[in-house]
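One structure, pasted below without further comment.
Chains here go by letter, A, B, C, D and E, matching the order in which they are written, and residues are numbered from 1 within each.
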Amino acid sequence: MSDAVITVSLLLVAGCATAAVVQRDPARQALVLSVLGAVLAVLFTVLQAPDAGLSQLAVGSALTPLLIMLCVRKVRRRGRTKDGAR
Amino acid sequence: MHHLLPLLVALPLLGAAVLVATGRHLPRIAAEITGFAVSGGTAALAVVLLLDSSPPMVEWVGGWLPVGGESVGILVVGDGPALGMATLVSLLTLAALAYSWRYFDQPPHGRTGTFTALMLVFQGGMCGFAIAGDLFNAFVFFELMSVTAYALTGYRIDEAKAVQGALTFGVVNSLGAYAMLMGIALLYARTGELAMTKIGRGLDSAAGQGGPDALVLASFVLVLTGLLVKAAAVPFHFWLPDAHAVAPTPVCMLLSGVMVELGAYGVWRVYGTVFAGPGGIPAADLTRALVTLGAVTAAVGAVMCWYQRHIKRLLAYSTVAHTGLFVIGLGILTPEGDDGVALYMLGHAGVKAALFACAGVLLDRFGSVDEHALHGRAGQLRATGVMFGIGALGLAGLPTFGTGLGKAITEEAVGGPLTVVFVAASAVTAGAVLRVTARVFLGLGPRPEDAEYETSGSDEEPETPGLLGRIPDTMTIVPAVLLAAALAVGSVPGFGELVARYVNETGSGGAHVSVHWTLHGAVLGVASTVLAAALAALAVTRPRWVAAPDWAAPLRRLQSGHVGDYVAWLLVGATVLGALALPGVLGG
Amino acid sequence: MNTAMHVLPYLVAVYVFLTGCYGLATSRNLIHAVGCLAVCQSATYVLLLAVGYRDGATAPVFSDIEPGSRPVVDPVVQALTLTDIVVGATVTALLLALVLQIAKRHGTVDPDELRELRG
Amino acid sequence: MNRLRLWLLAVGGAGLAALLVAACLDLPAFGGRWHPYGDRAVQASLDRHIANTIASVNFDQRAYDTLGEISILFAAVLGCVVLLREARDEHRAPPEPAEVARPVRRYALLVLPVALVTGLYVIAHGQLSPGGGFQGGVVAATALHLLYLGADYGALERVRPLGVYEASDSLAVCAYLVLGLAGVLAGTAFLANTLLPYGTFNTLSSGGTVPLLNAAVGMEVASAVVVLLAHFLDQAVEIEEEHGS
Amino acid sequence: MNGWILAATVGLGGGGAAALWGVTTGSPGRRVIAQNLTTSAVCPALLLLSQGYGRPAYVDLALLMALLGPVGTLVFARLLADDLADERPSAWGLTWAAAGLAAAVVIALCVAGGPGRAMVKLLVIGALLIGGNVIASRALAGGFREVRGG
């Protein structure tokens, strides 16, 4: 029984990792990364590592997406002002 | 005494934290004096510990002494090589801080001590890596020094090249570090331990009569990938010229002078304690892998060094070439090789740091480090020019430089056709530096033509608030002291013996070998110097004869500045490493 | 517990690592590349925790169970993973900061268009 | 796409994949019972009256690793401060206030204190139940940024005196180091947990110096994340390049 | 082993796969909605796992997920406001179904656990999860106007 839940989580992690690499647009990738963070947290829980799961949740669900999205926003805003100036 | 070992890490970190906490209210001079004092204090501590390191010390951090041979704590080693590296790191940091004394560009407003604090953290990270006796702890400090180095490399955010070089550096090194961590996890799965000596013993007992299997090979490849990325062995080396050429000069002194060498040191330490036993990788396979990679590294580094016009990039490639020589020397696994490489590293650190310091003077005086653009313009910088020339002779291994002594001993230990690699690599890199000296400081020869695919060193921002009118004394004294130290390593009687004793005590089970100048080594050193001078003379007087031949163009194209290429090369490098070490695993 | 289950977690870790490397090498956007690096790193978490797992065991946290009443998994790898996660987050932040500066100085975040540092 | 790179990638990836898969087949089977270091760590943790073994490993047995870890965070924050500083050709433009739908605003302001308290709870219970300085610190710092999400950047800036957070970041690192040095001064060893009584098992004050180190890490992480995000937010929201440069 | 873990496995498998599908395909709006629903799928699964393993300490994970999951969605809603402005994505049917699932799980666990401090914690998590989910959906459907500066 615990094997089944571990297998499901592992497959989800593998799927999310593939999706995160295949999504070439950083904003879309950030969305997938946040899902990856949540799925990793579940995997850590079923591997009986709640401490690691908590930190993965804390980092992966809000912090990393926020950093990436702020970066994306800055880069886009820059592109827009440059285009406007031209 | 051994309780003081972790202070080599704690002191610089504490200094950095205090500097940042008080940074807003501190005048610049106070911040610099603090940094100087902390760095110097750590250096003094390292020297004291080094003098006390016979027999080698060990310290269990947190007082977790082993019970029945088992401990749950972290082991820190205080033997000759570890403390020697820590001393070198600390002294070089001190030199870099002295060099940047008051000259470096104004720190960000309200953050006076930031640069100094980062340098101190860098020092702490490198010291921590040098004395780590626990594999995961080594990874942590590996990351600490890497992270600090990325930030320091990108310090000049106004420079397009600097931020690009720093990112490449960051991505490639982080990937290497993660590969290393995968290797550590594999080793932990096999042996259930993290202390290096315990892992080594665990591998031996797990292997029994069978010898190594695929798991040992994979962990070996992964851990060595991380370390060789740091050591910039071909084909993991691409990040190095990109990063070292663009980092601020004091940082370059540390990066080229000691951080890259720490990678080679890590290979030596990890192989010796983890993989050297019967359950690890057989010596013949390690020798095959390291000597092959080292020879290719030396050749590629030397060729690329010759064709650079960006002076700092040229120096960075010469670091690649010389680390290749270090890797060869370590790869043959003899006490003589270890001694020679230790001396070579000491001498090289002094010479290379001094050369970067001189290049920094050019950058701040003229706003350019381009050999072509500076042609004949630096004639009035007599002291810098002389030091640049002396540094070139040091690179060539002229007796009685420390580089010369180290190279002579290593050559003798390696023997055979590889001697040619040593002579050629040191001659070509030294020849390139002499060529720069002749063109830039003496204005000899015609102004060379521009090539198509290269990085120019023109239009660089100086690191000072403006172009310097006169060169501050610190910027002359520091390289002079460094060169004198490099000279002393090879010429102070008994110093070589001392280094050899410290190294052999740990490395080769107490088998002591004698280390001194031999006629053979001195002749080879003079030969490389003469060859270097001849190459430089040829380049200046007959530029067409030594211009880039057609076969060098593809080699230059490989250095594309594209991070994706470098990652692909990293994977290829790991595969090559595995293939080179494979026969022993199959045979066992 | 069948044989496939004996190696599946390790294989997933290897797969994730190589996938991340592929993304890194073929990336057309540096922000995306940093994300791929984070994917590579999650492989190390998976491998570490898989190595420390023990069948039928629970977390070595004794706030709600009696010590010794149930088998526990390896706490050391969890501590290592925790350290690793922190390292990953900080490295990601630092690299993103560098990407921002590249966007400013080069006007692009496409590695194919960065024309400095060649040869 | 560059053809050479794809070839290299194919060769290197295939080689490494083969090597790693072969290694996986040699690994001990997933879920094995043999974990010598882990078993010793559990015993050591119980001996020192620490209920959460992971906290014991992090803040006692391998506290030196954690020192490296918080130094990495400290260095990265310092690095981001340096890298994301205002360049010579940039200036700050105050952001326009954002228009946020009322339910969203209410939710953010309501959840903010809950998240803050949760963060503190996770830090405080670090040596008992899952959690600890790092996890709680990130939650507390993220909570503060609900102000940006629920209101606007100006509101966040008013409750965020950056200097204080920078100082507390470095002071927390100092505190961790001083606690470690106390061991050396007392004649035992760096980061030795022998100075304070171990207390009663499964209570907040158990574990000697572990709760103190845990608190220092919590403070460090919370301040570090705030400073880190502040610089990214400044870049994304406030700092603009001079036109025509 | 027990029904709680089985329920968690089914929830994870179904919800996770659906979320992964949603987040990798379709318009930006659909992707953000899928990201939001990940929280609603994962958080109840974490609660069920905690019960299944007999470890009340694991509930903290669900608490953090219920707190930070919606925050993550708000980040996307805020910083992708420009992209979402034309679309105004909303899937109220899904949102309320997820809320119902969360409520069912919380009630089931409360019944299994009986009254006590654990029950209060469960109820708080349930409230945070459902509230966060609904608000995040609201934010996606036009909670943030396009802002030039902030």
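Quick note on the criterion: contacts are C-beta pairs under 8 Å (C-beta built on N, C-alpha and C of every residue); 3 or more make two chains touch, one makes a residue touch a chain.
Since this is a predicted model, take the numbers as computed values, not measurements.
Q: In the touch network of chains, how many steps separate chain B from chain D on the shortest route?
A: 1
Q: Report the chain whose CA-based centre is farthest from the CA-based centre of chain D.
A: That would be chain B.
Q: Tell me which chain's centre, taken as the mean of its C-alpha atoms, is farthest from chain C.
A: When every chain centre is compared against chain C, the largest gap points to B.
Q: I want to compare two interfaces, A-D and C-D. Which one has more contacting C-beta pairs?
A: Looking at contacts between chains, C-D has the larger number.
Q: In angstrom, rounded to a whole number, how far apart do the mean CA points of chain D and chain E lie?
A: Roughly 24 Å, centre to centre.
Q: Let me have the rounded angstrom distance from the C-alpha centre of chain B over to the C-alpha centre of chain E, please.
A: The mean C-alpha positions of chain B and chain E differ by 50 Å.
Q: Measuring from the mean C-alpha position of chain A to the mean C-alpha position of chain E, what distance in angstrom results?
A: Roughly 15 Å separates the two chain centres.
Q: State, to the nearest whole Å, the distance from the C-alpha centre of chain A to the C-alpha centre of chain C.
A: 11
Q: At least two other chains touched by the same residue of chain D: list those residues.
A: Touching at least two other chains: 5, 9, 13, 16, 20, 25, 27, 35, 37-38, 41, 52, 54, 57, 62, 65, 68-69, 72, 76, 79-80, 83, 87, 122, 129-132, 134-135, 139, 142, 228, 232, 235, 241.
Q: Name the residues of chain A that each touch 2 or more other chains.
A: Chain A, residues with two or more chain partners: 2, 22-23, 30, 48, 50-51, 53-55, 57-59, 62-63, 66-67, 70-74, 78.
Q: Give the residues of chain E that touch two or more other chains, as numbers and ranges in rising order.
A: Chain E, residues with two or more chain partners: 53, 55, 57-58, 60-61, 64, 68, 71, 75.
Q: If we use the touch criterion from the header, which chain pairs count as touching?
A: Applying the touch rule to all chain pairs gives A-C, A-D, A-E, B-C, B-D, C-D, C-E, D-E.
Q: Can you check the complex and tell me which residues of chain D touch chain A?
A: Result: residues 52, 54-55, 122, 130-132, 134-135, 138-139, 142, 145, 225, 228-229, 232-233, 235-236, 240-241, 243-244 of chain D touch chain A.
Q: Spell out the part of chain A that touches chain E in their complex, as residue ranges.
A: Residue list for chain A touching chain E: 1-2, 4-5, 8-9, 12, 15-16, 19, 22-23, 27-28, 30-32, 34-35, 38-39, 41-42, 45-46, 48, 50, 53-54, 57-58, 61-62, 65-66, 69-70, 72-73.
Q: Taking the complex as given, what residues does chain D use to touch chain E?
A: Touch residues, chain D against chain E: 93-101, 103-104, 107-108, 111, 114-115, 118, 122, 129-131, 135, 139, 142, 146, 148-150, 152-154, 237.
Q: Give the list of chain C residues in touch with chain E in this complex.
A: Listed in rising order, the residues are 58-59, 61, 63-65.
Q: Going by the contact rule set out above, which residues of chain E touch chain C in the complex?
A: Of all residues in chain E, those touching chain C are 53-58.
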